[in-house]
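Given below, in the form of structure tokens, are the structures.
In the two assemblies presented below, chain A is common to both, partnered first by chain B and then by chain C.
So, the complex of A and B:
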């Protein structure tokens, strides 16, 4: 259909009305992270100001912050890797043997409120002396990552025709062999989706770390939250750390945009 | 050879086994444990051992005005935010459902609120909402409107938090509906055009009915998450001022990890389970209805 210039202008205006409010909080965060405290609390708010890197230098100069950054990476990467390890075979089995009940069981983890696990974990991990340990934190984050892996991957495996592994099995390979050497290499797009999404969810998680971690294993979201509890909020520092924590997730999204959209929307579109 | 044969025959049990054990240990056991604790009086701070009180904690919670208020707030927050998100999100999706240059860039912008760390989002909005230095009061000022206390005043705190939720999650509905629209068959559209239907008629009589099941599923899935909203509320207000933005989830968290009153906390959590369960059953029903 041909569109007139008038229609195009209206569409452009509507587009801006959608995009500007969506992106503005991010822009404001970015701007504020380069402002001095005086400019942040200035009234009326300043759009033009002297750019300073002090907030970033301060945030990255702190030993603690780098440690939290490390912790977030360690916990996120380990939780995702272990979830793939136990989740991929489970997803394959669900797809090939039609184990729907198993699927529901694992999806319940995605539906339940996190605190309902957290309270018992708190008691159990305290008794086992695992509070403030990577073990406890990684286990808790696996409960975030595993449902994503199973959900995304069982749907993906279902799209692969059975002939794939059947022909290998006729040649004498076992089914588990066929899974590893034929199915998995063909599943890269699914694995990318599952890995990206579950890493982002783990990276962003606040509640589990808030309860299970202390000085040693604290992750980035906690660091940012703690920034707020000082009497006088250092807005510049907070904004610089907010930018820092969001950057990895946003870069991943930029690289794997197609996969992220697919993973986020598949729940409602196809079931 | 014999060994791998043994493995292969039992593949359907052995492959899911590690994941099942994990889920049993880290999810099923804790949930059962929570249920068990909910029938007891157990406060870690009191130093007394756990005592079985039957339905005592439930009755206590139901008689607690703070709980009833939190329940009402949870419903208000969830229904209000999710309905607005659904209408807005679907509308935006219908507008964006066409070919135009830069569509991928637009989708990328829509993804930003979905992948950004919620705690950090909450804190950025706190700067926006700040009554003395915040950008939003500046905007109100520009238009000659009275300033608002936003999250610092008990009258405006809940709508302010809902606004953040709406900002964050409307794009989710948009992306889901866009994916749904892309999957629609073109046939009814072609015949409608042949019959000379107007844009509005096509939208009302074809697009909306066809996309409804997707919107409904998205809405309920979103509602399940909204019921459990934690990070944003906890980071922005901690349930305050007073209790004026305390939802069930926040209340359960406080009873667990601030007051260490585990019996009461568990009873609150069981109520939350039921809400989530109710919405989950609704999802299944919608799916069955429309054979999704």
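So, the complex of A and C:
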């Protein structure tokens, strides 16, 4: 089907209308992270300015963001890995045995305001001597990751035809074996989606990390506040650390997006 | 180790909980599982006991929470000295102030705090923390070097709970060059202030700025209310609906609406300061803490020589800018290491450090810090003059001093917004103020503070 020039123009205009408001803040953040404080507050805004790397030197030098990056990675990866370990079999069981009530129960945990968990957690973790430990953070972040995994995956498993497991079982596989050897490999796109989503939720989480982390385990979203002090905001530092936090998440999404698309087209059952 | 140790120790709690989920036909499996858990949980106390015996000869260790504040930045690099001298290990954490309050509140409220010493905001959280018994009384501390009004903030029933650390007062920042161009002198009263604001307002520059964002504005309008002869509270009864106070709301609203920057009702200091630094604001009233940033050439476009600081103009019925203790130090009542914590508190609030802080442009609460010769020599004369004026005539509160201060600020903030939106002419301002006065009185009553003391 051929598109006329008119259609192309309309398409481009609509694209611009959508892109400008969404991209501009990010662009502004990126530009500001290379500006000095004077240029950031300059009015009218400067688009041509002297580029400085001072903000990034502060982020990685003075403020040791590599350590926070490590902390966020440890917490995010472990929480997602544990959630997959528990969540995949759970989702499979929910999908195959129609345990809808369990689904709703898990959703309720996700829908409850996170802050209502914090007080009890704080008491439990401090009694157990787990404050400022990765354990506490990972467990709390599993509350974010696990429901995502279960919901995305049980919906995904339901789309897979039962015949595939059945033929594996006719060949002598147990149901567990069929799950591991047949269902899981077929579900790569779904698993990638669930992993990416839940990792990003964990990566961005502020509330749980704020209360449960301390000096040693501070995660990135909390560390941004290092640049806001009483009666003073270091906007350059804030922007540079925001860029630092977003970059891994954006890269991850871009890589996995490709897999998701590929997996969706290849994994389909033909005929 | 801590990762698995924690999970294991947690393991022996939920035996009954887990067993509830087993279907009856799986009894045998359940028994095996319970047996396993039992063995596992029996092992745990052995480990735990082993752990607790070890640290008998451990050096004293304290946990200190600092705010992201220049004073925190100042003392952090010196803590190793303190550790070397005393043999006390100090674990420091710095947090942004609202996070600090939230963290302290969570830790104290759940009764499982491990904090020993912390920075605290007497006006914002002091009353509540005192009432809840979260500060330890400081019976042995020598308060003779502090102004009595600043110490009294942290007192209840004859005990003192907070060491005053940093003070700030309201000042008028202004552009010397613009004032000169307008052929005016620094305004000394509210009539002159309005005239100057009018004269310096142009298409490019706003004549007068101050916080317009509801709750945030409450502290900055306070001096205006005092100078018009009003107050927020009188003997713990809300009174900001008196004719004097309402006149102050109207005046503040009129000035900001007519001569303020665009969108002033959503502006607090973090929005106004960049406007002033970019040279788009001729006069700005706010707390004295911002002076250093305004004259720092890496942060401001206006040459330092063009920036002046003066005392807030006097009002028709008074000249009482607020001068408050914005930060203090407190000792947790739950501290397990009182001796070490007290030692740290004494060091962190010492005279030596106060002088060092003054030289770094942090305005300290200690009297002796202001009379120190090296400080006197270096201190900006204009700023020092505003301090001595405020110290003599000032009023020690910039907000209603009560436990529910946050809610009260929101309520008063609505009156400020109405005043600005109507350019000070609102016919329902009086009624609105009375409505909010009643609401604030309800808050006071709910906390058992109404009319007391």
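Convention: the second predicted complex is superposed on the first by the 234 of 271 C-alpha atoms of A that agree within 3 Å, B and C clash if a C-alpha of one lies under 4 Å from a C-alpha of the other, contacts with A are read in each partner's own complex, and residues count from 1 in each chain.
Everything that follows uses one rule, which is that contacts are C-beta pairs under 8 Å (C-beta built on N, C-alpha and C of every residue); 3 or more make two chains touch, one makes a residue touch a chain.
Keep in mind it's a predicted model, so treat the numbers as computed, not measured.
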Chain B and chain C placed together on chain A: clash or fit? clash
Inquiry  = Per the contact definition in the header, classify A:118: touching chain B only (first), chain C only (second), both, or neither.
reply    = both
Item to complete: Could you tell me if A:161 is touching chain B, chain C, both of them or neither one (first, second, both, neither)?
Response: neither
Query = Just chain B (first), just chain C (second), both, or neither: which does A:226 touch?
reply = second
Taking the superposition as given, does A:99 touch the first partner, chain B, the second, chain C, both, or neither?
first
The answer to whether chain B or chain C touches more of chain A is B
* To do: Check whether A:131 is in contact with chain B, with chain C, with both or with neither, and answer first, second, both or neither.
  => second
Exercise for the section: Give one of first, second, both or neither to describe whether A:38 is in contact with chain B, with chain C, with both, or with none. Expected result: second
| query | Regarding the shared-chain residue A:185, is it in contact with chain B (first), chain C (second), both, or neither? | reply | neither
### Query
So, A:211: does it touch chain B (first), chain C (second), both, or neither?
both
Which of 149-157, 167-175, 185-193 or 203-211 hits chain C? In chain B, it is stretch 149-157
After superposition on chain A, the chain A residues reached by both chain B and chain C are 40-43, 118-119, 122-123, 211, 225, 228
In the complex, the residues of chain A that touch chain C are 36-38, 40-43, 118-119, 122-123, 126-131, 133-136, 138, 210-211, 214-215, 222, 225-226, 228-233
Given the complex, residues on chain C that touch chain A span 2-3, 6-7, 9-10, 67-70, 72-73, 91-97, 99, 102-103, 106-107, 109-112, 114, 269-270, 274-275, 277-278, 280, 287, 289-290, 293, 298-301, 326-327
Residue set of chain B touching chain A in the complex reads 4-5, 7-8, 11-12, 15-16, 18-20, 22-23, 26-31, 33-34, 37, 92, 95-96, 100, 104, 106-121, 123-128, 132-133, 135, 138, 141, 167, 171-172, 175-176, 178-180, 183, 214, 217-218, 221, 224, 227-228, 230-231, 234-235, 249, 252-253, 256-257, 262, 265-266, 269, 272-273, 276, 280, 287, 292
Touching chain B in the complex, chain A uses residues 11, 14-15, 18-19, 21-23, 25-26, 28-29, 32, 40-45, 85-87, 89-90, 92-94, 96-97, 99, 102, 105-106, 108-109, 111-124, 139-140, 142-143, 146, 150, 174-176, 200, 203-204, 206-207, 211, 220-221, 224-225, 227-228, 235, 238-239, 241-242, 245-246, 249-250, 252-254, 257, 260-262, 264-265, 267-271
